[in-house]
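By written order: A, B, C and D. Residues from 1 in each chain.
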Amino acid sequence: MENRWAFTIEWGDCDAAGIVFYPNYFRWFDAAFQQLLRQRGLGQRELGERYGIIGTGLIDCGARFTGPAAYGDEVELVTRIERFEPLSFTVRHIVFKAGRTIVEGFEKRAFLAPGESEGRLRALPVPEAFKALF
Amino acid sequence: MENRWAFTIEWGDCDAAGIVFYPNYFRWFDAAFQQLLRQRGLGQRELGERYGIIGTGLIDCGARFTGPAAYGDEVELVTRIERFEPLSFTVRHIVFKAGRTIVEGFEKRAFLAPGESEGRLRALPVPEAFKALF
Amino acid sequence: MENRWAFTIEWGDCDAAGIVFYPNYFRWFDAAFQQLLRQRGLGQRELGERYGIIGTGLIDCGARFTGPAAYGDEVELVTRIERFEPLSFTVRHIVFKAGRTIVEGFEKRAFLAPGESEGRLRALPVPEAFKALF
Amino acid sequence: MENRWAFTIEWGDCDAAGIVFYPNYFRWFDAAFQQLLRQRGLGQRELGERYGIIGTGLIDCGARFTGPAAYGDEVELVTRIERFEPLSFTVRHIVFKAGRTIVEGFEKRAFLAPGESEGRLRALPVPEAFKALF
């Protein structure tokens, strides 16, 4: 169960050095995770309504860069949920260019609901029904 | 030697859950690192010309999120270079909201020059003169 | 009654030609409009609660570019509400670099509320109390 | 000769009102124009090398919004070059959702080369060979 997303690096994705401005990788990670959800008929909205959360928010994330991508490059982003923990789950992302890994990243996400005090959030247990889908 | 940057979370920084869309934190990390460089009279362009690099590119990065920020929130981002290694250096970023840490992040950066084959980059030793500035 | 916002063009704001990637100007226009609202103690949230709208959404916008801005450039964005019409108002934005106009833009905005059919919005009359503030 | 691009509105494309943050439409306009160029075997880099320009930069742009798009919506962006003038050309963009036009926009672009004084750009005549392609 994974999501494969092939796309082209666009002009606006690159910085003045002519390579991808790195925060964009996290934008793509987020979009790829959404695609994975939609493969199972879920979206942030459905998750919110079904589980009373404001979203599957980030607890931790990271990326390691082993090669650059530039305007016009064709890349593929492969995404899957790698691990479930009681209060979080980890999404793994790998970006390939011409068959070579150029970025490896992860997102550790939680089912976040409003917390007891304003402006705070708390993590709910990851629902079994959600785990079962992936 | 650190950079302190106070700013307001804007409408366009937030997602449909009303909190910061997390890739923006990396955009701010990058801008804060540039501010730190400019405090020392450096910019990406000066670094490029002085050291023959295309930029101080990313090798690794990450962020941990312990609280949300929403539209209109005042935050402060404190940034400093935490560690030098032979071929890289690590920039530490902390985002405060109302005195409380809400995001801790890092960027591991290298002095990147064009590599031997096209589309590859290689890391040069971090110049002593650069280390001395920070 | 205007908003003046001085800021520095950052690395991530520029494209591979080394100049500002133009959609960013609209991001800044939106943020400057929010700053103008906040000068009067308003935010999108307050507007929403007070007037039953989902926001002051865009009907029309545009920008003319007469000079480039690049990484490290200091610019100033001057913003004011230029005209009120029954169902909309027009925000004027001018970006200056070294005293010279480099971008002139506008946003025509409306007080948008949910429409009769799903996924549609309708414009409410611009409240007199709002006009009086500006 | 047009470019048709169907895509899904992602979570990070939307603002706290749950609809597309409008500067993203210009990001998509730019990407769609690049796709149109690539259909003809051109990219910004090829244009730069062939014609001695830094890019096909913006002189003027605008968009009118007649309906919202939200997370998960499927949209189609149709793009073509509408008009050539001696020193510029106009790209027309229309965004459709469920067969209905929700955004109409344009980009007036020029072949921009470095100008006589630093930090200025000048428009070159639009090459006949370029016109012939579209």
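Convention: a residue touches a chain if its C-beta (ideal position, glycine included) is under 8 Å from a C-beta of that chain, and two chains touch if they have at least 3 such contacts.
Predicted model, so just to flag it, every value in this text is computed and none were measured.
By the document's definition of touch, common neighbours of chain A and chain C comprise B, D. The equivalent interface to A-C, defined as the listed pair sharing over half of its contact pairs by residue number with it, is B-D out of A-D, B-D or B-C. Between chain B and chain D, the centres computed from C-alpha atoms are 30 Å apart.
Remark: chain B and chain C have CA centroids separated by 28 Å (rounded to whole angstrom).
Chain centres here are Cα means. That of chain A falls 21 Å from that of chain B. Under the contact definition stated at the top, the residues of chain C that touch 2 or more other chains are 11-12, 15-18, 21, 23, 27, 30, 44, 70-71.
Viewed as a network of touching protein chains, the structure reduces to a complete graph with every chain in contact with every other.
Every residue of chain C that touches chain B in the complex is listed here, in rising order: 8, 10-12, 27, 30-31, 34-35, 38, 43-45, 71-72.
On the chain D side of its complex with chain C, the touching residues are 15-19, 21-24, 26-27, 30, 44, 54-55, 57-65, 67-68, 70, 119-121.
Within the complex formed with chain C, the residues of chain A that make contact are 11-12, 14-18, 21, 23, 70-71.
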